[in-house]
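Two complexes come next, and they have one chain in common, chain A, joined by chain B in the first and chain C in the second.
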Partner chain A sequence: MNTPHYKNILIFLLTSVGLIVLPHVANIPPAMFGFFCLMLGWRFAGIWQPQYLPTTRLLYFLMLFALILLVSHQHRGLLGRDAGTNLFILALGLKLLEIKTERDIYLVVFLAFIVAASLFLYQQSLFMAAYILAVCCVLFATLVAINSIQIHTRAALKTAAVILLQAMPMATVIFVLFPRVEAPRWMLFEEKNKAKIGLSDSMEPGSISDLGTSEELVFRVKFTGAIPPPKYRYWRGPVLSYTDGKRWTQTNSQRFKAQLAKPSYAGTAYSYTLLMEAQEKNWVFALDIPAQYASPLEQNGHYQLINPENPHKRTEYQITSYTQYNTGYLTQLEYQDSTQLPSEPSDKIKQLVSQLHGFDDKPENFISQTLNHFKTEDFHYTLTPPLMEENPIESFLFNTKRGFCSHYASAFVYLMRTAHIPARVVTGYQGGKFNTVGNFLEIQQAHAHAWAEVWIENQGWARVDPTAAVAPERIEQQLDINLLELGSDIRFETSNSQQQENWLKQMSQLWNNADYQWQRWVVNYDSSNQSDFLSSFGIHDFKAMMKWLMALVGLITVLLALLLLYQKKKAIDPALRLYQQFCQKLQPAGLIRTDREGAMDFAQRAKLALPEQTEAIDHITNAFIQLHYGRVSTREDFVTFAKLVGGFKLNDRRLE
Partner chain B sequence: MQKYTQQLLDSANQIILGKEHKIRLAVCCLLARGHLLIEDIPGVGKTTLAHTLAKLLGLHYQRIQFTSDILPADILGSSVFDGKSHEFTFHPGPVFNQMILADEINRATPKAQSALLEAMEEYQVTIEGKTYPLPKPFFVIATQNPSHQIGTFPLPESQLDRFLMRIELGYPDPKAERALLTGQNRHSLIESLPVQLPPEQLQQMQNLVTQVHTANALLDYCQAIINFTRESPEYHCGLSPRAGLALLNAAKAWAFLDQRDAVIPEDIQAVLPAVAGHRLRSGHTNSEAIVAPILDKVPAL
Partner chain C sequence: MDDAIILTHRRIFILPTQRGWAMLLLMVILLLIAFVYNNNLTYLLTFLIASVFFITILHTFKSLAGLVVQAGQTQAVFAGEAAGFDIHIHNPNANERPHCQIKLTKPQSFTLKPYSKTTQTLYSLTQKRGWHSVGTVTVFSTYPLGLFYAWSPLRFNSQTLVYPKPSPLELPFPDSPSADSEQGLSHKGTDDFYGLQEYQAGDSIKHIHWKAFAKGQGLYSKQYSGAKNSAEVWLHYDDAIGHDTEQRLSQLCRWVVDAERADIRYGLVLPTVKLPPDCGSAHYRQCLEALALL
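This part shows the complex of A and B:
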């Protein structure tokens, strides 16, 4: 077991094991990863210096140490993803030091496959899948190398890749048809710790600036028909209607939900598929405002969609929205909620409101006056406004005049409420990055936005975005996150730069699209998606699904088997096939050509057995030799040969 | 052209009785420009065969009897001081002949053996820094006693590889034996043999042999045989590329002798024992048995 051959196998094996555990560096405690690296390094050194490999006693000690390490890290419970992964990795590390026979190598390879599978419990991205597949290929190559006399790394890798490719059709069929089981509770991957920080359910002007430049993906939207123009791309999140002067929070909309008027919709219906990433909150950001949606989605009294089920999972929804709508009358409770103020507004604010004709003009006019005020006065849009600790609204309106969407929205709503007009702050996302490759919108944390909603007679709740008055580019155009830095001037992509899409951008779009398709069709392929997909092929129930699964797996097996057989036969040239026909014709006379016999030797034997056929046998044999081994053979030669073989017949007398 | 070879074979068969196949192999070996090794016990006609062939081909013939004390200079020649001209002049040894019969080659020491074997491979001899070309054509027919006999130095595998073929003659069958016992003296018979194939024609034939066609199907078979010897556990060392070339050349010569211009698997099968036997298992003398697994397991078509 110490031949160079064996050494090469070990190097191959250890490298692939190292590669498979490497991505776990982010998933397991550093101490465990360090322990594993120590074991791996030790074993690597042991290839050249076998005398330093641990003795059995030392191994026991190491195992004890690993056990302590495991137990000390199990504060999250003995069951579940982390505990299992840690156990496997430590076991794999310890087993490495114990490789003595070929059997141990097999064991290590299979353990490594399990560790590879466990990577999927943490990350299901396309990149990770490709990486795992590549490393599995190396593991396969290790198995190939163990079983071959000489190792040629490239040849082994090639064989492994071919094996993997051959497995693909079968894997695809099983993936599509195998019944999905909803994961039991304890398997729900503890993603809570890692759920994305999204919008919060309260707002203090300034809190959204943290999200301002995060490129983190929140959700993707793929429209089935028309795509709404950018200025209508408002994705509705929580509505904040209670304020204490600084802070804005949600109120319970269940109180008046039952009394709400049924909204009437107009204009284009936008149908789309919304793929939400894992979230902390169970909010679903639908296009303002959603009209049709399927369970488990629910709508609260603020027209916001809620998924009462687990939000820590990437989920897909089918929603239809209208951008033109009328929500109808206002309930009493809504009126109370949306005109609430913490205290009597200060004189300064009242003065401003009356100056803008808030008390003596129609609400519509007051709204346009207010927006005009933001536009004409020295208001600026910035992501780094000065701190406004006391009286934030007053200091924003009269002193600093610098802020971003939540400053404008809250100040605007405050002014409306001062004039006794029902108004509230709506948070959510605005805009989105359009992926031209996959034709979908990507909404990132940077698209977080806050705007206002005002109730107007005969219109119902109407959206007013005061930010648009100050910085219309924020709404009309795409915020270029790559150029955005806190503290610097905010630049917006002009239509000119949009046209000059460089290849880098296109590449990233391509990649994003691939990732989207991967998430949508592979990772998110759960039981409901499966039944939807299979229904379109006429497979409706479990029984049919199993039948199809069996049938297709059987079919592929048979096809592969046939392919193998055919490949062996394919090498045979037509002349040889005809010659074999001739040999078969001689079989009834007891003449069977053995493998070692060439045509000539066989002819000798045949002529002895069938003296009356001497001439025919000679003709056929000579024609065959000429065709198969000769210098030149023409099409006519082949036809003659075919005729000779076709015309050859044993005498009936012999057959009796 | 073929009539010369037929006459050659017929004449040889009159001298060595009942060994048609072996004689054919020997001629085949010469046509393929290969050296021949005859391995058998003393007295079965090894020397007679070599002598007959030399006579029939009209070649300058020299026999070297290898003994345990023979030196390289005894084979290659040496420089001797000439008292008259006061300089060393080269006296060529017996190797400077068109046909050499190296008798009982494995009785000589490896040093003497390798002197001849180098000449066989390079068709030239280098003595004291000077290179002398050997005559053309140049054939070596070596005879070897079975290595289990006393006082032999078995040829190493690398040197056995220099011989295109190794054949065993074996005892004659009873009928041939009787004809031999009652027949004329072999020596006088050989003396009276006419030249059947002059060297120029031999060379022409050798050129024709190289032009014999080998189809892809045949090369497949040839490669299958080579691969089989490399992968099968029967042999601890497979056929080398040089052995593969030798096999193909010998098969071409065999097809030529059969008056065909394309090689067929039967040709390969016919020469395989002689070409592959000593390369696959040097110690054994039964070549047919050595290659039997190949012929049985590699399909001919």
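This part shows the complex of A and C:
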């Protein structure tokens, strides 16, 4: 087993194994990755220097070492994704050093496939899928090379690629139709200890700025019909009613009101698909405010959607929202909650409220007065406001006057409550990046926002966004995160720069769209998606699914079989056909080959009749005999023969 | 000669190899991972591998389908030697056969380019004199991934004659009444070359005019005048020493071989056959055939 062919196979194998493990560099402990690289490097060297491969005793020692390595890194438990990945990678590394027979190569290839699958447990992006597909092609090419006598690298890769390509339609059909059953809970080994950033259930002035520049995707929204104008794109998250003067938190009486009365809706109904990324919290950020939604979604007393069984993975929801609504009356409990203040407001604040006619005018007028105060006074919108440790609201209103959404929202609500108007802070996201290619909105962490809600007679809870008064661009237009640097003035994308979208931006939109479709249709294709999708084709139950699966796989097999096995049969040996052409060329000279006459005998006769062409006749006859009756004939022989026959010309003096 | 056999779906059988079964196990493992982690891409990988597995059936079948297999010449051998059977395999289609194998006792590999042919000589060890049938020739392939084994067992009527095994004992030729010259005497030196004649089956290989053949002028035999050997032996069945028929035939065979080598005219007398003294490859073959078929 040390032929050049075998060396080639090993190079193939080791390269593909290395490529499979490479993306795991971020997922496994460095010691483990180092150990694997050592094994791989050792085996690579062993291709040319077989004498340095480990002996059986050394292998046992290495195995023991690997075992210790494995156990020492299992603080997260012996079962589960990380442990399994480590185990398979170490097993793969050790097996590499012990390749003796063809069977071992197969085992390595199969282990590599399992490691490839484990990569998907960490990352399911389109890029990763393409990468794994390419490496699988190399793995299959290894198998092709083993099963061929002598094959070039390119030919083996081509064969493997062709087989993979032919396998794709069938794999797609099985993927779509294979019944998805949710694994029972106890079987799930999902990692839950990873810290994710996102909105929290409390707010302190400044807390949202942590999310301020994060481009991490939170959710995507695809509208089926009308798209709400930008100023209505508020995605409702937790409602914060209780304050201790600094922190704002949710109250416990969230579920109460929802049981009593539904709001009345008006205006356009916006239906959309919301694709939430995996979230730490079970909040679902619906367009303000959601009216129709399907189980398992629930709505709490603050009109916020909740998924009680947080799936901890990307999930899709169908929701309909109205941007115009009337929530109706206020319960006693709600009134108490939304006018709560930690202590009697200071005189300075009371003075401001009375100055803005908070105590003697209608609530609507007080609201507009307050917003006007933010607009006309020297208030600024910035993501890096000065720290306000003590009395944050007072120092913001009278001293610093610099802040962002949470400062404005909390100060506004505080002022409202001072005037005994029910008000509360709502957190969530605002706006979103519109992807023109895929026609959907992408909402990133940077779109996190806080605004206020005020209860007004005959209107119910109404949204008031004090940030809009200070920085209307923040609401009306999209925040350009790329230009947004902490400490500098915030710039907003103007319509002018939108027109100058360069191709780079378009490419990124195209990619984002492909990624969205990939996440939506492939990665997120679960049992409910599947039944929805198949129902549209009239496939409703398991039995029908199986029937269709069998039928389509059968159909693809038949088509492939036709494609692969249909072979144009040559009626006769092409050499014979050429020889017949040669005989026809001799016909004018009166030489006609009879059925019983052998090629040799005919040549004898021809040579007698055409003595000056003896050589040509001999050449052709010998080549024909070699091709038609000979033991081995090559393509080159045939080409030579074809040239000989083509070049033959009857040179008969009798005809001249 | 046998008719050519075309390998069609009726003649080709296909089953997973051990590696194929192992791959099925791999798919089960992958499916389990996909199920437990609810991971769609692992599902996709599993289905892709499953489809590749399935499609490999067609590819493996294709590597044999359409081949035309024909039994060719056989060469007579002495018992105990390996008999060679020529098998002509012709690829009448446009697809290449990168790796096929053919086996009688030991597998042999071959590749076939489109529209090309090859001849494989298969050897099987002979034990007894008489007619020896080729047995079942298996053409098989595991191309491209080694997951499936496609094979076609082919029975040919092709037979080869097995001569008795020449006895290892070197015994002098039996004294025969008609022998009038010294045994083993070579008469080569006295032969007079008088011309060439086109080669005919049966002419001694030793008399072929190799120089002419090398020049591409065809096969010619050298003719000698006065080449008649005066030495003559009668190899009689009753003169051969042995416990049973086989041993006696073995001894006779040895004498025939020795006599032919020494260019002595020899006659063979068997219980059923009597061949008058002669020499040359035709006579030699005739004698051995008689011994083989007694």
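In this section, the second predicted complex is superposed on the first by the 552 of 656 C-alpha atoms of A that agree within 3 Å, B and C clash if a C-alpha of one lies under 4 Å from a C-alpha of the other, contacts with A are read in each partner's own complex, and residues count from 1 in each chain.
In this text, a residue touches a chain if its C-beta (ideal position, glycine included) is under 8 Å from a C-beta of that chain, and two chains touch if they have at least 3 such contacts.
None of the values given here were measured: they were computed from a predicted structure.
> More residues of chain A are touched by which chain, chain B or chain C?
Of chain B and chain C, the partner in contact with more residues of chain A is C.
> For A:599, decide between first (touching chain B), second (touching chain C), both and neither.
Touch partner of A:599: chain B, not chain C.
> Let me test your reading of the model: by the given contact rule, A:49 touches which partner, first (chain B), second (chain C), both or neither?
Neither partner.
> Mind working out whether A:376 is in touch with chain B, chain C, both or neither, as first, second, both or neither?
neither
> I'd like to know which partner A:579 touches here: chain B for first, chain C for second, both or neither.
first
> Quick check on my understanding: which residues of chain A belong to both its chain B contact set and its chain C contact set?
Common interface on chain A, chain B vs chain C: 631.
> Under the touch definition given earlier, write down the residues of chain A that touch chain C in their complex.
81, 102-103, 106-107, 110, 113-114, 116-118, 120-121, 124, 128-129, 132-133, 136, 140, 143-144, 146-151, 155, 159-160, 163-164, 166-168, 170-171, 174-175, 178, 180-183, 187-190, 313, 522-526, 553, 557, 560-561, 564-565, 567-570, 574, 631-635, 638
> Residues of chain A touching chain B in their complex?
Its residues touching chain B are 573, 576, 579-580, 593, 595-601, 625-626, 628-631.
> Under the touch definition given earlier, write down the residues of chain B that touch chain A in their complex.
For this pair, the touching residues of chain B are 213-215, 217-218, 261-266, 269, 295-301.
> What part of chain C is in contact with chain A in the complex they form?
19, 22-23, 26, 29-30, 33-52, 54-56, 58-59, 61-62, 65-66, 86, 88, 92-95, 98-99, 109-111, 113-119, 142-147
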